[in-house]
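Note that the chains take the letters A, B, C, D, E, F and G in the order they are written out, and that residue 1 is the start of every chain.
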């Protein structure tokens, strides 16, 4: 039975109340443009939520990653881990928007939608029922459709929203179809029941079960930006407001991975199907396409969008080798946390650049190191962390991922190629990250320093501390990740 | 020689009269009698004196009047009768016609006028018929750039939707056309059709004023559906059923309006809005937008829309009666039929009765129908009354009323219902 | 009897689905879409789920169809669209459709799903309510949040900027 | 003040957003005129009043008729207020012809003029009611107006077009027992119009609908040169019966009803208060009227003038100040007659008030201007 | 709460009026009674006597054929034409008398004012409809007939409202 | 029940195919929305059919959720269309060219 | 534009301060009434008020005309000074300036009526503005008549010919519709009026402006 103090319910209570209350307050206040007021409320709600998640961890109320439960939600470490990662991104977005939203209408709705979307993401990670997962998935998606199109005067924002909406709606339709099949085959919507049902499935129904898992992959893959389903992603990331892009790239994507780990990995395990090869190929394709396309981009948002496609590929390595190596999921989770911070920081920095300089083209970023020193330092550190340069946090997650691939190669012959592909891709990515760094620091001469938004500086400082600090001393995160990583065999034999 | 019709000749007049009578009789014989026979085939024939009546024998009722009653009885048991006549269309249309008459007379009284007076000698009771004949005889004009299929379809669909609504209303115990288990949900589904028909007809006329009126109707209906549904949830909560007959039967002791007055008020106001009655007749606000979405309708198309409107009015009033005023429940006013009336009594050599017609009805049905009609007419009176008292309100006031006040009140009503249920006043163990 | 109804519903549903996509006039397309949705509701009736069927009617016909019609009428200049899809894309789409239908149909026909039959009575709608308040209640709360979010979001999007900028007091 | 039109008052180019509606002349909410209204959604962007559908050239006609035969057709523009619209012309003609008016005739004129003001206002109120969708408020005033029409008929012999005022007095004497009948019916009438409060003026639906709509500020009311109830509803204490008393108004106690709000509710309430004031004035006049005496200075059917002159006379009619400018060149016919009518002067406020209002407010704002299209067209 | 009381007051006022007396005059059945015999002229004071301005009545023995009524009407309606009458009165040398076209007459009564010999009065007959335009032209002979009118309804004001009894 | 489960699923597959065709071929945003709606309805049909044959209430609950969510989604989508229409006076996705891809 | 303050407590000093004997040239203007005969129209017997008024009030009106004459000298010409009515004849070049002076210095704030009178014998069209005041209660019964004249053409093409006057709409907003009416009824084109458009006549009116004397009513 779900306790009333369990983390997901408390998160719903805090964030949902604030999220619904914000528009009502704005109607009642009849004032316009008091952006900071709403931002502070949203920020406070997010911080309180993070505090509650942390408190639950500290006070040992959290079940070690259970994955399955009799109920629709479970308060386990897996969900808690994702909740922390996603809440960090939400805080980034809120703080980053502090400055970015100043000139726009209806700030209350903007923050309210961010909060609602955050609830959705967090609950995707917590949910152990397909209905719950679907509803949470939609709660995550629908506000982001609006948020992407929030700049109504901006044609590219609207176009991005339309594309995003179309693919999102398609993805949810596909997910419903998958749910319908899995429900029909097993007679339940609880994920645990479904997995157990899959394990004991009549062989004649196997094709349908595979179809349902395939549909889940497709549906979640749309959000994660895996390669055959990634066409919308660069456009949307470029057109959307950069703060919202941070939310999309760093958070909704991660929610997709949470759902994938909950369902797909379990389903493959249960169905005894060797999906690892398919996932591996998907991973390599995703990495390569992302990185190669990123090199050719002139727009920094678009480049980071492709980079985030590539990172989906890295994370997928861990999922692919998960049945064969216990390190796989750990690496994925670690990478997810790191990527959330790195991408979030990078996009918030872009938001800061857009607000102050209104440029996104890479050539225009010449001499940014002198104009906006702290922001550009933050970007550079994020980029190098993304590339996996040693003293930074990104390095350790990549080490863990590639190590898991090597580890799995004991039972899975081709797994080492995954590691090789990953390393090659990292090297490739270093090229364009380095190019940006060169543009920012070694080109252009006589730019003057401009005033940087304080909120962006805050995010930058936090991300730099995080990336450098945990890069130098990764021990606590490693422990945390280990605690949060689900043990795959746990689910089948409750 | 008359000045008005200078070429009048009595012989011609008589001749044309005879001509008409001839054609009428001919058509009656050629079409009418076969139609009656075809109808008789679909009626389950009664057994008289141990012998199954055939449709042909049934036609000979003139020779043997005792056969008539069982045939009519059998007819009343058919679905056709239910749909076309008693709880269905015919009954509703009759009440709707009565509504129009009441509306005109009452409004006239309220406004210190006389109202329809001359047509039909008695207080202008035939005025409605005259108006109907006028509408039928008028030309139907369709705007040149209208979307013709939709324009034609809209009035018919409107009447159809209204009739579907009527079909869900239980009039007396067991007397309902469609006894759906989800009756209330079906009502919501049917109500949902009206805005679509409205907007389609408004769009298809391809004119400005109908379009504005249609958009207004759309806003009004869609935004008032929400408080409408919410206000009915209280009744659903205390009765635990969606079936309208069961809801009606559950009020045998006291009507729900005693416990849920807030819901009743909210439902009444939303009802006015859904019906586009004054003060919410914005879609037809004639001083702003001519006649709203009805502007381009003419002749019998307009007549159909009016018929649909009044059917809808009857249906809503009946729904209010069923949900809040106890439906057919009421003290027995029809005395139990004495046995002599049913089977006849022999007084010496003379046998009186059986009283024809009485075996067709049972007491419960008569009583139920009586109370139902009384209550419905009362509700209709209160629906019509604001027309004489209030001016039309504005669309933004209407929307803010619907979205803020009525929805809030509807929630209050739901909490009252829940409170009554949990306090044990109602529900199992409570009063009922 | 039911088979005839089933066939009729199938024809209506699929036919109007095709019509919804292929009719040149968007208004008629929307009406055809309403036909599809109504047909699906008819299937629900066949499946002894009147609650879902009526809910489908009330929600899809009562609100979604109205919204679509409203939008289509607002976008009234482009009522009849240029037929800009090129033939190659159309044939590719047709091929994709056929492949999907044949492959999935084969999978369904081939699988053990044909053996599933039932004579049990359908679930009552009270069970649905029960499952809503006992098992799915957090999902219901989330549902409310979704609706709140979508309503506020669409209002903000659909509100016009100029009206926003000089807001009236009344 | 600028020489241009206020921004956006002119009509705009119609496009996808802006829809042009021709409200009238065959529209239930227009009266005998056309208002070209442009709406954007539910808001009126611009509006262009287009009167002239009942223009009949009264001013031109008046140049062809002598001072007496002008009377029946000069009252045609406002047949409901036919005494008042003749009043300034008759005053002017008296000055030009050099006639004096007997004292009793002045009182009779005042009574007739006040009764006619009530008749007009009731008619206006009826239409205002039906414009707001309040059909009872159409029927009640239209019915109660009959009382006063009967009274006027007793007095003048015609139900609407009285042609009662002539230079030199009035056409006929009061009928016997007129004072009692008049007093009784006026008292009853006052009781009736007080009953309108519950159903109309204090009706919360009406108040919430008309309060705060079409607000005409004090400065704008002066600047646009509005008059009558429109002016008084904007908080300006200006009534010609008090400020420039003609005939015997200076001997009667006339109270001016002023409201501060300037919205359409105030504009609709001021005429109603004026009706009560009219009843009051009639009662006073009935008390003070000389019991006997002549009511008319006899004139020839074709009177001679005293030479060239120009006269400008004003009275307070049901729609505000009504001026008559007569140029005489010594001939029996006037050289030029110009009626400066309240409706025409108030019409200028219509585009100003409707700009930015909701379409639903159009009838209430438009008719609250106390506008009579036929009078504006003349 | 003010709103609620206002609404209740309005409803109450409306319902109250259902029972009030109404003063609808059922016209062809009852006719309103007017003051006097119609608009006439008092020779002693030179001022009109109040009365309804209905159709005219011409006193043949007073009419001198001076055409003043026709001149007065010229500027108004041009309804009066002077026509020859066969029997000449002594004072009517030209033996012309007014003939009135009621299709044009506006019933202003200026002709009555203009008549210096008090030959033209107005009566309280106002039902002049005819099926043809010719029927509306009244010759001097027709004008000489005093119309018979039955008008007896009068307004009565009671506490329960005004009514035409 | 005279109809078999597989009949319903086949209808659902047909609708899914039509929806995919519409998404692939049509370039008009409203049409694409129609296609998505058709797919969602196909899934709902599937769900309710399975629920009926399993005699579960869960299927109907899931269908109710799905219907309600579809309504919310369509609302957002249509408001996006309206915004796009105000900007482009057009709803053909092929004409939206401010972003490449 | 105008003084926004509520009605000033009033203007008694005005008639007193102005005592200069005005030229009062009522010589040749076409309607020359005698002020002394006209100034006492209410010959009411046995009433106190009329006895005082003819003495005081013309002085007040005279003060108004004196102010104008003092300011503009020969440019204006006082038509007549009667009880409550003052008429000033102005040439068309000065009408705008005079209107501004009347508005700003004399507290008149609205135009009651705009009248056009056709004088075919003088080959001129006279446009008469009746100006009144709401704000100044001492002027409540006063009407200032501003008359100006424009040349008249035999074959007018409204808007194209020389029958032109400067508009005073930018001084008195309330003159807008009146000037529009004069434009269409007499063909006087008002320069500076933003909206010289048809108002009352039909859209396809192609005849002479109807209030000119040479436009004859059929049959008369």
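The rule is short, and it goes like this: a residue touches a chain if its C-beta (ideal position, glycine included) is under 8 Å from a C-beta of that chain, and two chains touch if they have at least 3 such contacts.
Small disclaimer: the values here were computed from a predicted structure and weren't measured.
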Neighbouring chains shared between subunit A and subunit B, ordered by label: C
Lowest number of touching-chain links that must be crossed from subunit A to subunit F: 1
Pair exhibiting more inter-chain C-beta contacts, D-E or B-D: D-E
Per Cα centroids, the chain farthest from subunit F: E
Interchain centroid distance [CA atoms averaged], subunit E/subunit F, Å: 77
Gap in Å, rounded to a whole number, between the CA centres of subunit G and subunit A: 80
Subunit D-subunit F separation of Cα centroids, rounded to whole Å: 63
Mean-CA-position distance for subunit E and subunit C (Å): 74
For subunit F, residues that touch 2 or more chains besides their own: 16, 19, 33, 44, 49, 51, 53-54, 56, 58-59, 61, 65, 69, 72-73, 76, 79-81, 83, 89
Residue numbers of subunit G (touch at least two other chains): none
Multi-partner residues of subunit E (each touching 2 or more other chains): 7, 10, 13-14, 22-23
Sites on subunit B touched by subunit E in the complex: 3-4, 106, 109-114, 385-386, 388-390
In the complex with subunit G, residue positions of subunit D that touch it: 1-5, 10, 51-52, 55, 57, 59-61, 64, 95, 100, 219, 222-227, 231, 236-238, 243-244, 250, 308-310, 312, 314, 321, 323, 325, 327-329, 335-336, 338, 340, 344-345, 347-348, 377
Contact set on subunit C toward subunit B in their complex: 27, 31, 34, 50-51, 54-55, 57-58, 61-63, 65-66, 69-70, 73, 125, 170
Interface residues, subunit E side, partner subunit B - complex: 7, 10-11, 13-15, 17-18, 20, 22-24, 26, 131, 161
Subunit F contact footprint on subunit A (complex, rising order): 130-131, 134-135, 138, 142, 145-146, 149, 152, 155-156, 158-163, 165-166, 169-170, 172-174, 176-177, 179-181, 183-184, 187-189, 231, 234-235, 238-239
